[in-house]
Amino acid sequence: MTRSRFGPLAAAGASALILSALIAGCSSGATGATVASGGTIVQGGTIVYGHEQEPPCLYGGWLQQAYIDRNILDSLVTEANNGSIEPWLATSWTVSSNGLVYTFHLNPGVKFTDGTPLNAQAVAYNFNYWQHGGNSTAQVSMDPYYKSATALNATTVQVTLNKPYLPLLTMISQAYFGIQSPTALKRSAAANCDDPIGSGAFKVQKWIHGQEVILVRNPDYTSWPATALHKGPAIVDEVDWKFLPDPVERYESLVTGETNAIYDIPTVDWSNAEANFQVTQYVTPGKPVSIYLNTSEGIFTDVRVRQAFAYAADRKADVEAAFHGVIPYEGNPSVSRATPGYDAAVAAAYPYDPAKANQLLNEAGWTGRDAAGYRTKDGKELDVRFPYPAGSVVTSEGTSLLEILQQQWKQVGFNVQLIPETQAETFAGDYSTPNSYDAQPWYWTSPSAAILWIVWRPSTKADPNYSNSSFYNNNELSTVIQDGNTSATTAEADQYYGQAQQIIQDNAAAVGLYDQTMSIAVAKNLHDVWLEKSQGEPVFEDAYFAK
Amino acid sequence: MTEVAVTEQTAVDAATGTPLLTVENLRISFGKTEVVKGISFSTRLGRCLAIVGESGSGKSVTARTLVGLTGPDSHVQADQIDLAGVDLTRQSERSWRAIRGRQIGFILQDALASLDQLRRVGDEIAEPLKVHGWGTRASRRRKAVELLSSVGVPEPEVKARQRPYELSGGLRQRALIASAIALDPKLIVADEPTTALDVTIQAQVLDLLADSKARGTSIILISHDLSVVARLADEVVVMREGEVVEHGPAHQVLHEPRHEYTQALLDAIPSEHTRGTRLVRPAGAAPGGTTPPYRPAKPDVGENVVRRSRKPIDRDRAVLQARHITQVFRGPDKVDRTVVDDVSFELFAGETVGIVGESGSGKTTTARIALSLLHPTSGEVLLHGQPWSTLSTSQRKPLRKRIGVIYQDPLSSFDPRWPVGRILTDALSTGSRPPSSRAEARARAIRLLEQVGLAEHHMASAPLRLSGGQRQRVSIARALAPEPEVIVCDEPVSALDVSIQAQVLDLLTDLQDELGVSYLFISHDLGVIHHMSDRILVMKEGRVVEAGHADEVFERPRDPYTRRLLTALPRLAQA
Amino acid sequence: MSTVGEAAVPAASRRPSARRGARTARQILVKVVSAVLVLVAAASVTFFAQLLVPGNRATAILNEQTGRAQLWTPAQLAPVNREFGFDKPLIVQYLNYVGGLFHGNLGTSYTQYRPVTQVIGAELMPSLELTGAALVAAWVLALAVILLTAKRGRFVTALGSTWEALTASLPTYWVGVVLLVVFAVEIRIFPVIGGTSAWGTVLPVLTLAIPLAGFLGQVTRDEFEKVLDQPFITTARTRGMGDTAVRLKHALRHSVLPAITLSGWAMGALISGAVIAENVYGRPGIGQVLVNAVNTRDVPTVSGIVLVVAGVYVIANLLVDIAYALVDPRLRAS
Amino acid sequence: MSSISFPRAGALARLGNVRIRVRPGTAVPLLIVLLVTVAAVAPGVLTHRSPTAIDIEHTLLPPSLSHPFGTDDSGRDLYTRVIYGARESLGIGLGATGLAMSIALLLGFIAGLAGGLIDVLINRILEVAFAFPVLLLALLLIAIYGPSLTTEIIAVGIGSAPGYARMVRGQVLNVRKAAYVEAAAALGHSRWAVIRRHLFPNAMRPLVAMITLGVGQSIVWASGLAFLGLGVAPPSPEWGALLDSGREYITTQWWLEVMPGLVIVLVALSITSLGRTLQHRLEGAAR
């Protein structure tokens, strides 16, 4: 029913690839995907944007909130298309030789929409606010590297780390790190939930629950990022951020012109959309949709069975079929192709080879066959409990993919039982313990390869890592990832991250399926709507109507 | 075509000029079956023509055809239907609407069903005025009140605002008549206008129609009850199975009927004269037709009167005794109403005690107390001298077989899923000698059927498929099955046609003569009570106002209420 | 010939109106008390039913906040448990909850940090408007079909009753999507995003009204055909009234009683159907809030919605009783 | 017009031969119900394909001779999936109605017979049940036990029970005051004999229409649950699941959504109208 609800974690980022399927040419320069300007610019007007998922609050640690926050909050820095970090609220910054101290010089004279000056004290206040649970995603992205943030004077703020953390700047470019007015933050949780106060191009006028959020232009906007396509406050007067959960209704509202832009085009309408609208697809950096295999209990404790599981299905062809060629197959289970440090070579592993799969399974002792044709060993059937978050992570097309894979796994002898998790079960964490599943698909959004550390950090009694859903503790992998995180240069970091991806792939701790993507379709008469590099949030500050 | 004893049309109406309505050779059929087979009659202003006949004679459908409402998929043919120059055979639906209500007023049988209970009486009466665009809202309301007072309704303003169910039976019927005469139509067709009323109120309503006739309105009265017709009709048409068997002035038809069927109808009416004799004599050849053979018996001509050969009544064996029984009901508005007030009576072996009274007199409640289906508020009922109403349900169970009951509507007293056979075998199993085998049960059931004048082939049929008379016979058979000494009959024949009623009453008297069973006989019909009862109780508003031997109560009534009842009783003599 | 049994109660003398007044006051009091009991019972059942749902509420809240689906360490769970009082024994939690009810405090939503009254209040009106309009539309549709087709010849009558049976078997969801595609996408009479504009509410109302009209129609038709055979209809015709006038003025009023009872019962079903219409047409409404609240284990919001729906149901039934007495005054006496 | 005569009815009521004059209004629903029963009992008869046979070369084909209902997004033949879906959907319909009727009969009879305080108590319980939105009941049950056929049956069953309980109670009260019940008592039959031989069978008679209505509505209702993401696990061809998965393709491949919907409507309509016709015949024959 509702789509793509998660995209939770953000970690240090590197470069990101924008799959630009634009009709119009892509203008040069370091800014995001742009639309060729043409015709006369119309001052003002209202953009009706059809989004899909309504968050419980407008500010928080979840992708749906980041989408809105990007348009109302400014971050210290922003990430350009080529992955380089550009100035935003911080006009310039220096990093100490040991990589532990970052000193930011702020753009003077910037004010929040409630009039409070946006000075160094405000920025420091925000850092502490995040650290103490203000935004759990921001907090966990900086753990355990962040130490403190202090304001030296009105326009200079210093952030100190206890360990070098190369991806810090990419991380804080995300909307989770948007700076809010300290006076506003002192208000009640409910007030902040409904009306977060920032210094961005727009501010929240009204939230009609279940229907839309009305963002109005911030007339005295002075703190636009370097990646902005125009200088000055937003051109349009208002953005009606509507929530349209039903895909049919959302796409048809664009066709009938009731909306000017929509989020997430149904794959079945893709070719029609490309012909009539400006379509942009954004491949989300971070961990792609890949299947965690439970390495601690059940049949996948044996690496040969895991590898057989990878060989047994023609994942590439099935993804093409299920998503009508719109969503790219991703062989690399650790990071998506849009993540800095992605190793394309690793992606080619485990091509479709049923013979190899059968041979591996025989070697692993699964030689018997029961009446239904499933393999057995010492009387036990080769069962795979396969819960998947229905409606949220796995869309209806995703379900069709699983059903096609299920059929192919059956040929080789795997009895895959698909279990659709309701959202209640998912939130309650019913399928997060080692004894509750054998395989489970999942993804994490993150602009940098540091996601490897979040997902694959070994889980110990003292410090359990609940994100390690394969329960795969491999010390060699852990050290390699930490070396990557703490290396001085990106090149050195990428080299370590590559080794990590190789280890994960060789041990088939997870099996790749497809990259998590996001797409928007914009009416032809609306120009300069672009996607923020770090998480693909739609940015409306430069958008304008042309006749 | 039977020989129609019709005196020449011209002789009758020589004195009073051209007829208002003339009907020549009217034929009505539904699908393939013809229900009215070419009848002719006419009426004139200030005179009343009565059409009399039993169920299925076609009288009602004739009445409805006069206002163009014969009914769905019907086919009407006539040489002539002329109403004061207007040819009623060639009317469109639209033109019929102009005639109905304005030219012809129609009165149906029971105002409780013939008036819309959800609308105020005043609105119902004013409706014909509104339909024909008469006056304004206010003037129509005033006219409705006038109409109510003109038909003798007290406090017309108050009654006009009430709803029909809040009025008494008599007042409701008057309101219905007011609605029919609202536009002062020249012709009024009344289909059984007084059948649903008690005797005293029936008389008042007939007088009301007589006033209307006196004012010059022409009336066509449809009825099954010859004595009602006698009070109002100038001319009478007798119909049987769609044909007119007799047509002439009222006095002549009701006293010197030329046709056997009319005579049979007259003789089948139970009254004080027929007591002690069978209503239906062993017949000579019946003049064709489907009804069973019968032989009309003249009240005073002795030669074919069949006396009953009764067993003597055993005065010192009281079969059923009621001592000071009283019943108080607490209504929904928490107000107590005494429905039966200190009633006592005895019923001896082989005797019939009749309880007569108008509706609301408490006679049915008394019967239910006698059957111990209702626990009296005070007083006691004894069965064969033993306590009966004071017993507990389980104690009373074995005694049930000693007292039977016959209901007014037999069909609703049978389980809809059971054929006749099963009804009887079930009743037999509750008797003192329950049948030991299915074969014996079936045989005894068949004997019961023959005893009540039915046959073995009726065993398998569902009561729904039987006629009214046959159903009542099955009901009697069921009551007899456990061989009770007493049978309580609650209005057993009021739903039957006169000729069928006569046969069932004769069956009951024959069974009494043969088996010596005692009857507690409840009825509102004085004639039936007089015919059946040895002793009579007259009840009024829960109290017994008079009790005594049948002839004594009828010839020398002591209580004023009984006298009023007897005078109100329509008699043939009045024609 | 008719039968003459025990006639109606003899013309009763006028009862003192004082006693009748007291009786109706007592009747109303009994109704109000039983209504309150029903509401509290419904809310309590919901409260306890939700505790049966597996998993720990604090986990669900943290997962909702962060968009994740994992277990959390006791240390991370502790502040949440304290904040929402999960650490107190169940009975205490329940008594606090019910106690709050009587002061009109329905508790705070776990996920939206706002009092439940606010969460529901914001989206209650659109749902009520939708269900109310749907009920009215269903009535109009049903009566129109009845008046046009009842007892007008074998074919027309069969057509009418088949239409009713057909519409009563339509899945709400399917009707919604088909109407959206035909009238909003293809023939573009109505907007795709209806929101709460009048013109945009037409399709969602029809989505709920068409199936309900089938039900109302079937029930009313059986009664209507029986009434048309009643003697008072013949009397009306003998007064010169046309067929349509007889149906409208006399037959209709007698045949709507069963449908009125059904309407009381249908309110509950309409609210459930509303969530489907709201989702297909992107309308705000408590249906969607209910689905999200159950999924996120937001106990106070779920119980609050049940309370509101139960309240709507109780009020609907009071209206049904009033409508009943208005249509058939005979019932007012008993 | 040929006439079909039913042999003596079974336990429900011994009615002799119930002769049903077959008019078009009865023939078509009868045919559809027979078809659905065959599909549920022996799907192999109506289609030789497998409902889960995936063929990723032939996805989203329009209706044609080889694929009367076209193919879905995994290339599976929709007509075959609808046929195999009959067993589950009919299962939900019968299961839910069975559950609802048993609860309804229990409560209805106890309330109707006992009267007094028990009647008031049961009415209050029904009142609460009515006030409880059926949707929430389904959501809670499915949240507790996870989406499965049995959960759906329980949710729809319990949800529709109050309505039927009220109807049963009304029917019992009607029959209780019928004259033949008092006549049987007057003959001397015990209270239990009267209940067993007269009250129960006659109160049960109009339930034929109610049961068939229940089956039809349960199928329609279950399809609503699938829409809310609470349906049965894939690759089940349950009609509600087909309806939900066809939904995104309505503007492009309309048959994926229209065909299952049509089937649900036709089946529910046929079962309900067959029930009403049977009901009129039973009432006509018996009364």
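Labels A, B, C and D are assigned to the chains in the order they are written; within every chain, residues are numbered from 1.
Here is the rule we go by: contacts are C-beta pairs under 8 Å (C-beta built on N, C-alpha and C of every residue); 3 or more make two chains touch, one makes a residue touch a chain.
The structure presented is a predicted model; accordingly, all values stated were derived computationally and were not measured.
Closest chain to the protein centre (all Cα atoms averaged), using per-chain Cα means: C. Chain centres here are Cα averages; for subunit C and subunit D they lie 22 Å apart.
Inter-chain centre distance (subunit A to subunit B, centres taken as mean C-alpha positions): 90 Å. Here the spacing of subunit B and subunit C, counted between their Cα centres, is 49 Å. Between subunit A and subunit C the centroid-to-centroid distance comes to 42 Å (mean Cα coordinates, whole Å). Across the assembly, subunit A contributes 1, 248, 252, 422-425 as residues in contact with two or more other chains. Annotation for subunit C: residues touching 2 or more other chains are 53-54, 177, 181, 185, 279, 291, 294-295. Contacts with at least two other chains are made by residues 409 of subunit B. You'll find the chains touch as A-C, A-D, B-C, B-D, C-D. On the side of subunit A, the complex with subunit D involves touching residues 1, 247-248, 251-252, 266, 268-269, 272, 317-318, 321-322, 390-391, 396-397, 399-400, 402-404, 406-407, 418-420, 422-425.
Listing the residues of subunit C that touch subunit D in their complex gives 34, 37-39, 41-42, 45-46, 49-50, 52-54, 158, 162, 165-166, 168-174, 177-178, 181, 185, 265, 268-269, 271-273, 275-276, 279, 287, 290-291, 294-295, 302, 305-306, 309-310, 313-314.
Those residues of subunit D whose C-beta lies close enough to touch subunit C in the complex are 25, 124, 127-128, 130-136, 139-140, 143-144, 163, 166, 216-217, 220, 223-224, 227-228, 243, 247, 250-251, 254, 257-258, 261, 264-265, 268-269, 272-273, 276.
Listed in rising order, the residues of subunit C touching subunit B in the complex are 1-12, 15, 19-20, 23, 230-232, 234-243, 245, 250, 253-254, 327-330, 333-334. Residues 13-16, 178-180, 182-191, 197-198, 201-202, 205, 286-287 of subunit D touch subunit B in their complex.
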